[in-house]
Amino acid sequence: MIGATTWVIADGYIPPRSTGPAPELTSHESACMLNAGDADAHVDLTVYFADRPPAGPYRLTVPARRAFHQRINDLTDPEPVPPGTDYCCVIVSDVPIVVQHTRLDSRQAANALMSTIAYTPR
Amino acid sequence: MIGATTWVIADGYIPPRSTGPAPELTSHESACMLNAGDADAHVDLTVYFADRPPAGPYRLTVPARRAFHQRINDLTDPEPVPPGTDYCCVIVSDVPIVVQHTRLDSRQAANALMSTIAYTPR
Amino acid sequence: MIGATTWVIADGYIPPRSTGPAPELTSHESACMLNAGDADAHVDLTVYFADRPPAGPYRLTVPARRAFHQRINDLTDPEPVPPGTDYCCVIVSDVPIVVQHTRLDSRQAANALMSTIAYTPR
Amino acid sequence: MIGATTWVIADGYIPPRSTGPAPELTSHESACMLNAGDADAHVDLTVYFADRPPAGPYRLTVPARRAFHQRINDLTDPEPVPPGTDYCCVIVSDVPIVVQHTRLDSRQAANALMSTIAYTPR
């Protein structure tokens, strides 16, 4: 089983405007997850803010042997993550997964990208 | 011997359009590998998707003491990796290597870049 | 408690010009921190330069269970970090935190982004 | 002493053209190093290529308690690193340092950036 069960994204921010065709070039952030194992992963996301208590958990299922790229913009339950707001995210899974964090920012005329493997305790 | 034998890219996505001269500025993703050791590395890539079983293995040889930057766009055997599709990638080598994941996105008028050292179990 | 108490950013550089509305698209760098624990984090930043002794410590408090994205541009005590200057940053906390380093560069007409989880000793 | 003595950059590539004022916006790659310790660091870079034996070592001194951002473009001894060429880089220091790898690509009208903490064995 490849990966770990706890992951952290520290620089969360959904740019509040976009340039270009939606949804492909809509400004967004994604938590990109791999479950390379043989059992489905039950994943809880908790979102931390600068000025209020955390939101969540947001509950996801990442099927066995599948990629699962979750746009943070698309989370709605228990509440949307507001654009233009600093946040952090803790991701806890019941089986090992791997998480990479990516932002696409299309506020200006050509999009910008950033990505990093998320933090996992060792 | 520097590196590790298992590596994971979690945010795989080949942008489906490009601006600028090919192949240099064609939108692409690369698995950039270093084999700093004295023996050739035999490397298997397995590609995971959101909605179907994994593809692969794609078999590569990274010569001893050489850099090897593999465009994911250029993989054809056993099948191409489709652009515009979310994927993840597991890379397994028989000797230690180092893997860095990079995307060049030239869908809009100025290209965007993102890069991260891939995940390796510790 | 998630995270670690020592973090390093090695590529510090605040781009000295900007395009687009301030402060949102002002060129900047951020040390994005998560304190997921139940006690406030007392954090000291020390900034290293190429040609003079280090500056700091800059003292911050990251509240318990909160996100805290600190623009390096906004540090003033004991002294501002000058734009257009290479620097590195060591971040030490009294409780575990997670740190991600991000730069937004809007010197040219469309902004660029880069981000990485900071280095932490294991 | 913070850091490690071996670091790897796997995706080396100096974009072969630039847009904007030199040297600030010249396309380049940097190995950004922090020596937070009290002794100077003697650092050897070895550059690996796809189709020929490695070049180097390139010898650098990173002073105690200083930042040192080395543009790969500026290395000349024993030979320049050619632009438009895939490479990898191994960095070995006699005392612990931290290394972050960054590329600025200004081939098109607005620059792109990418950055990652380099790989270090644990």
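Which chain is which? They are A, B, C and D, in the order written, and residues in each are numbered from 1.
In this section, a residue touches a chain if its C-beta (ideal position, glycine included) is under 8 Å from a C-beta of that chain, and two chains touch if they have at least 3 such contacts.
Remember, it's a predicted structure, so these values are computed and weren't measured experimentally.
For subunit B, the chain whose average C-alpha position is most distant is C.
Taking only C-alpha atoms, you rotate subunit A by 90 degrees to land it on subunit C; that is to the nearest 5. A repeat of the A-B interface exists among A-D, B-D or B-C; more than half of the contact pairs are identical by residue number at B-D. Interface residue usage between subunit C and subunit D, two copies of one sequence, is largely distinct: under half of the residue numbers at the contact are used by both copies. Subunit C and subunit D have Cα centroids separated by 21 Å.
Averaged C-alpha coordinates give centres for subunit B and subunit C that are 30 Å from one another. Counting partner chains per residue, subunit B shows two or more touched chains at residues 108-117, 122. Residues 6, 8-13, 48-51, 53-54, 86-88, 90, 101, 103, 105, 107-119, 121-122 of subunit B are the ones that touch subunit A when the two sit in their complex. Note for the complex: subunit D touches subunit A at residues 108-110, 112-114, 116, 122. By the touch criterion given at the top, residues 2-3, 19-20, 24-25, 30, 32-34, 36, 65-69, 98-100, 102, 104, 106, 109-117, 120, 122 of subunit D touch subunit C in their complex.
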